[in-house]
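Can you keep this structure in mind? I'll have questions shortly.
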Amino acid sequence: MSNYYHMPKLPSADSLRVTINVDGKDVVVPGDTNLIEALRSVGIETPHFCYHPHLPLSGNCRQCLIETEGPRGMGLAIACYTPVRAGMKVATPASSPKVAKARKTVMEFQLVNHPLDCPICDKAGECLLQENYMQAGQGESHVREDIGKQYHGAPEHRFEDTKGQDRGGKDIDIGPRIILDEERCILCDRCVRFMRHVAGDEQLYIAARGDHAFITTFPGKKLDHAYDLNTTDICPVGALTSKSFRFKHRVWNLQHTPSIDPTDALGANIWIDHDGGTVYRLMPRCNSDVNRSWIANSTRAAFEALSTNRLLDGRLQGKTVTRSEALRHMMEKLQSAKKVALVSSGHLTLEDNAAMLSLAGVLGPRAEVFGGSWLPVAKPDGIALSGDPVPNRRGVSLLGIADNLDQLVSRAAEFDVVLLAETDLWFADSKQAKALEAIPNRLVLSAWDTASVKAATCAVGINAWAEVRGCMVNIAGRLQMMQAAPVSPVDALEPAWQTLSHLAGSDWNEVIEAWKFATGICSPLASIKYSAIGSSGLQLPPSGAHT
Amino acid sequence: MIDQIIQMTLNLDMPQMSVLEWIITLGKFAFVFIPLAFIVVMIFMERKGASLIQDRLGPNRSALPVFGGLRFFGFVHNFTDGIKLFTKETFIPTYAHKVWYVVAPGIGFLVAFLTPAVIPWFAPLTWWTGDHISQVSGMIIDSDTGILLMFALSSLSIYGTAMSAWASNSKYALLGGMRATAMMISYEVSMGLSLMGIFLLAGSFNLQHIVAWQEAHVWGIFVQPVAFFVFLTSMIAETGRAPFDVAESESEIVAGYHLEYSAMRFGLFYMGEYAHIVIASIIIATLFLGGYAIPFVSTDLLRAHVDIALALCLGGLGTMIGGFHLMVRRWKKVYATMGAKDAGTRNREYSFLQFTSGVASPVVLALAVAVFFLLNPMAATTVDGTPIFPAWVSIAAAAVQVVVLIAKAFLFCWIWIWVRWTLPRFRYDQVMSLGWKILLNLALVNLVVTAIIAKLVTGVR
Amino acid sequence: MAKVIQRRSLTLLERSYLWEIIKGMGTTFKHLFRNFKNPEKMQLMSYPEVEVQTPQNYRGSHRLMKRPDGEPRCVACYMCSTACPARCITIEAEPSSDPRIEKKPRKFEIDWLVCVFCGLCEEACPVDAIRMDTRKVAISHYTRKEFIADMPRLLNWDPKDFPANDAQSQKAPGGKQNQQAKQIWGLEVKHS
Amino acid sequence: MISIIYFSLFASIAMGCGLYLLIAKHPLYGALALIGNMISLAGIYSLLSAPFLGVVQILTYAGAIMMLVVFVIMVLNTAHDHEVPRFDWRGVYLVPVPAALALLLLALVYFNSPVADATALRGTAQNISQFMFDTSRTDNGYWILFEFIGLLLLGAMVSAVLIAKKRLSTHKEDV
C-alpha cells in the first residue's frame, strides 16, 4: 500500500489550451490538468468526494465518473485521475445515460451506511454528499432500510438507537478540537491525505477493511495538530466536526464576508461566517497563491476576540466616557500640542494608516509618524502562516513609514502628545513602553481594552478588523482586501480611518476617500482601483518601492 | 356710539310677522339637526343591516346597567362608541399642518348642517289669522336658487377632505384626498346635469316648486327614471361610500384621507359621511319621490282629513311597537335555546322589553283611535278659491308631511347601506370611466330627450 | 401548459351591469330577510357566552412533544425556524446527555406575537416534535414578554387534553424498546 | 340697514382674504384665501339682488376651479414652507396697478354714482335665463354670444380630449 499519490495539476493563466470534445461539442480547455478542472473551466461541474485540488489524488470515491474514448470504445473513467489530452472525447451525464446511471449507482453505495440525519448534522448545508445527492442519485434507493442501516465499524462504538436499529460510531472524541462521527464517514480519506501531505504529521489512518473500515487515530494517540481543523473543512460529509462550531448554528443561516487573516503577515484568505451581527466562525477562502485551502487553528480562533474585551466607548484618565467626549478631548490635545508622535500600525489597513498620514499632514511639522512593532517574529511554517504577527507590515512601509519605534522611545522627552492606533506597545514590550509614559498625553485608538488603553490618558474605541473594509499588503507584497461584515457590537463605533479623519478635521464618510488619499501619496498604489484588487488579491510589482 | 348701534338694530328692516309666524320661522331652524338625529339611527341601521346581510348578529354587547343590561338590540353600542370617540386622545402628527389639520374635519360636517336649509320639509303653511292669510314656507331659506345653493355648499365640503388629506402630511392620506377630490369633482358634473331634466319640467330650481309640481303631476322617478339612476349613482359616489369608496380603500392606501385622524376628529369624518348620506337621501326623496307629498293625496286633501292622517301615523307606530313586541318574544325563546352562560340576564332584559312594548302598543293604538274620533278639522274658509284652514290643522298636516318625507328618506338611507354591503369596490379607473363616459353622457342625453318631449307635449315656448 | 379557459362573453344585459347589480342586491336582501325572520338559523356561536368547540386539527398555539422521560423530542435541527416565514422561532442547541441522541435544544422560544400560525413548522419537523393542536386560538397576555413562549411553557401540556388513541401525543416513539435501550446503556429511567 | 352690516362683513372678509393671498407663505394657503375671497364675493352678489350669480360664483369658482388649483398645488407640492419668503419684494412694483384701479373705481363712483336698487331683482335665475336664452328679445340679449362661447368651449374640450387620446393610443402601441 503505497502512501504516495500524485498531486493534481491545476490549470493556470498560461496553461496550454487544447480542444477536446465534450458531449459532442468542441470546447477549448487548459491542457495540463485533469478532467475535473478542465470541465470546470467550461462550466461543467463534476460531482466528487475524494478529489480536492490541493490534496494528492486518491480516486477512491468513484463519483466523478465520465466516459472517454479508450482502446475499446467509450468507457467509464474517473475524471479526477484522467489527464486532458488534445482531441479526446468526453461524455458527461448530459449526453450519456450510462454515466448518469453509473454515478447514481455509486451514490447509492455511498449512502448504504450513511445515516439520513441531515437535519441534525452540522455539515448540512455545505455537505458535498448532500449537494451531489440530488444531481447524481436522485430517485429511490435500492437498499432496504433495515438492511442498509448496519454498523460495521469499531465495535466499541456500537449501540442500539431509540428506534432499535444497530448503529454506532457517533460522537467520538478524537482530539482536543475535533469530534468524529464514524457513521457518517464515507471513507474518502481526504483527512488522512491532508494530515500526511499537508500537515506532514500522519495522525489519522483507515483501520480495518472492506465495509468494516473506519477512520481513526493511531492507538493511544489523539488528533492534535496546529492545522487539524482543516480536516473538518475538507471532510465532504459531517464525519469530522469542530468542537467550537458544533451545534452553534446552522450553516444555511450564515452569511459569508470575504476577508483576510488579521493575525499573520501571510494574509491567509478567509471567510467571515456571521449571522445577526455575531461571527460564528472563520473559514479558509481558497487562494492558490497565498494559503491554498488551509488556515491555521490560530487564525480560526481570531473571531473569538471580536466579542471579548472590546472597547466600545471612550476612556478619559481611566474613566469611561462617551466616544464623542473622548474624541473632543483628543482633538483639543492635538490642537494644543507642541510636538505630536503618531504611531502607525501594521494591524490596521492601508486606509487607516493613510488617514494617519493625512492627520500628520494637517498637523504639519508638529507631527512625526513612527512605525513598526515589538511583537516577536517566528519562522514561517510553510502552510498558511508566515510567523510575522503583524499583518500589514509591508503595507505600512509601502506608505513610507519607517520602522523606528526605538527612536520614539529614545526621543520620548521631545513629545507632549503620542497617538497610538491599534498598536498595543505596552503588551508587546512593557519595559520599553514604560519610557513612553514620560509623554504627558497618551492617546490611543483601539478596538480592544488592551494594556495600552489602560496606560493611556485618553482612549477611544474603533471598529475591529472584521467590521471594516480596507486593504493590506501581505509579506509577499500582495495587495489584498478585507470586506466589512455587519457585526459591529455598537453602531456608534467607527473605523480607524474615519476616527482619524475626524481628528484631522476632514470628514471622510467613505473608505474610498481614504484609499484615494493612500493612492495619492504612495506611488506603487497609484491608479489602483478597488475593483482591480479582486477576490484573490493583486500582486504588487516587486520593485521594492518602499523606503 | 352705543346709542347709534341700538338705533341701527331697531331700524333693522325686519318683515312684519305675527308671533306664530315668528315661532314657526325660527322653529324651522331645528330642521338642521335632523341629519344629526338621523346619524344615530343610521349607524344602528348600518351595523344591523350589514350583520344580517352577512349572516351574523352584529353589535350586541354594550348595555345600560338596568334590567339585566338593556341593549336595545345593539342600539346602545352607538353611544358607547360616541363616549369612546370623545374620550380618546386626539392625536396630532408631528409634521401635520396644525391649523388645517384641526379645522378640516369640521368643514364637511358644517356643510351637513347647512344643506337642510334648502329642503322643503312640508307644504307652505297657510292659515287665516283673522284679517289676512299668514304664509310660512316649508324651507328655511326660500330662495329661487334653491337646490343650486345646496350644490354650491356641498361642493365646498370637498375642501374638508382635501385639506385634511394635505394637512395630515402623510402620503396615504394625500393619495386618498386626491382620489376623493377628483372623484367628487367628476361626479358633481353628472349629478348637476342629471337634474336639469326635472328642473326643466318643474320650471324652477326651487325645491318647493319641484315638489309642488310632482304633487300636481307625477313623481319625478316616473318621468325621469334615467335621471334618477344617474343622480342616485352620483350621490353614492359623492358620499364616498362603497362601491365608490376608493378614497379610503384600506387594501391600497390604508384608510385614505382620514388616516392620521383619531378620536372625535375621526368621528367627525365618520358622522359627516352619514350626515352626507342623510342629506342625499332627503334630496333624492324630494326630487324624485315627491318629497313630503303623499301619493294621490294633495296638501288640501290632507288638511281636510288631517285627523285620519294623524290616526294612521299613530296606528302605524302602534303596529310597529307591536311587531317589536313579537320580535322580542321570539328572541327570548331563541336565546333560551342557545345554552349561553348569561341566559338569566338576557331573559330579564327581554322580559322588560316585552312588557314595555306590550303595554305601549295598545296605548298608542288607542290613542290613534281617539285621535280619529276626537279630532275634527274645522271647515275651511275659502279665500280666492283656495280653502284656508286654521293654524293647528296646517301644523298637524305639516307634521304628517315631515314624517312622510323622513320615511321616504329612510328608504334611500337603506338603499345606501344595501348597496354598500352588496357591491364590491370599483377600481379607480373604473370609477372615473363610469363617471365621465357613462353617467355624464346619460345625463346629457336625458336632458336633450326631456327637452324635446317637453317641447312636443307641453308646447312651451 | 397553462390551460386557457375561454370565458363566455357577457350579454348586453350583463354588460350594462344594472340587472346584475339588482340580482346581487336581491341576494343580499334574501339573506337579510331570512336572518331577520329566523335568527336562530344563523350559523353562529355567541362567544364567549357559548363555548366554542375548536376542531382537533385547528391550528392553535404550539406545544413541544416529549420523550418518555419528559425531555423534549426536539433534536434542535432548526428545520422549523428555517421554514418559519415569520422567523418567530429561536433555537439554541446543545449536545444531548443521552448518547444515542445527538442534539437537544437548550433554548426553544416561539414569539406568538410574530407567529403567523401557518403550520409550516409542524410540516418541517422531521421528528414530530412540534405540534399546533392545543386548540388554544385566543392567546392573551398583559405584556409582550409573556407572548414569547419558552421551552418549559411549550412542554407544559396535559395528555388528558388530547385523544387517548393518539399514541404520539401520549408517548414517544420507541416505547418499550426505548426503556430497554436505556437499561442497556445504564441510564436511569426517570419517568414523570 | 341689515344689508350694510352684511356688506361690511363680507367686504372685510374679502379684503382680509385678498391681503392674505398676497402675503401667504404657502401657495396653498394663498389659494384657500382666494376661496374665502370668492365666497364673500358671492355674498356681496346676493346682497346686490343677484343670488343666482352668487351661487354660481361659489359653485363654479370656489367649488370647481379653485378645487382644481388646490389639487394641482397639492400634487406638485413643490412649495416648501421654509423656502418661500413671506413677502416677495418684487411684488412692490405691482402696487401701482391695484392702486390705479382703486382710484379709477373711486372716480367712477364719485362722478357717476351707482344706481344700486336693491329691490330690482337682476340676478335671479329667471332674469338671467331671459338674458341668455330668450331669442325673441330685441334689446341687449346675450344668446348669440352665449352660443358662441358654448361652441368655443366645446371645441376646446374636443381638442383637449383628442390630445389626451393621442397620447393614450401611442402608449398602447409601446406596450
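Order of writing sets the chain letters: A, B, C and D. Residues in each chain are counted from 1.
Everything below uses one rule, namely that a residue touches a chain if its C-beta (ideal position, glycine included) is under 8 Å from a C-beta of that chain, and two chains touch if they have at least 3 such contacts.
This is a predicted model, so every value here is computed, not measured.
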Chain whose Cα centroid lies nearest the overall Cα centroid: C
Gap in Å, rounded to a whole number, between the CA centres of chain B and chain A: 78
Between chain B and chain C, centroid-to-centroid distance (C-alpha), Å: 50
Distance from chain D to chain C - Cα centre to Cα centre, in angstrom: 66
Rounded Å distance between chain A and chain D, as computed from the means of their C-alpha atoms: 77
Category of the chain touch graph - line, ring, star, complete, other: line
Touching chain combinations (by label order): A-C, B-C, B-D
List of chain A residues in touch with chain C within their complex: 117, 119-120, 159-164, 170-171, 246-248, 250, 252-253
Chain B - residues contacting chain C, complex: 49, 52-57, 229, 330-331, 334, 337-342, 418-419, 421-423
Of all residues in chain B, those that touch chain D in their complex: 8, 11-14, 143-145, 148-149, 151-153, 155-156, 158-159, 162-163, 165-166, 174, 177-178, 181-182, 185, 188, 204-205
Sites on chain D touched by chain B in the complex: 1-3, 5, 28, 32, 35, 39, 42, 51-52, 54-56, 58-59, 62-64, 67-68, 70-71, 74-75, 124-126
Complex contacts: residues of chain C adjacent to chain B: 18, 21, 24-25, 27-29, 31-32, 35-36, 39-40, 42-44, 46, 48-50
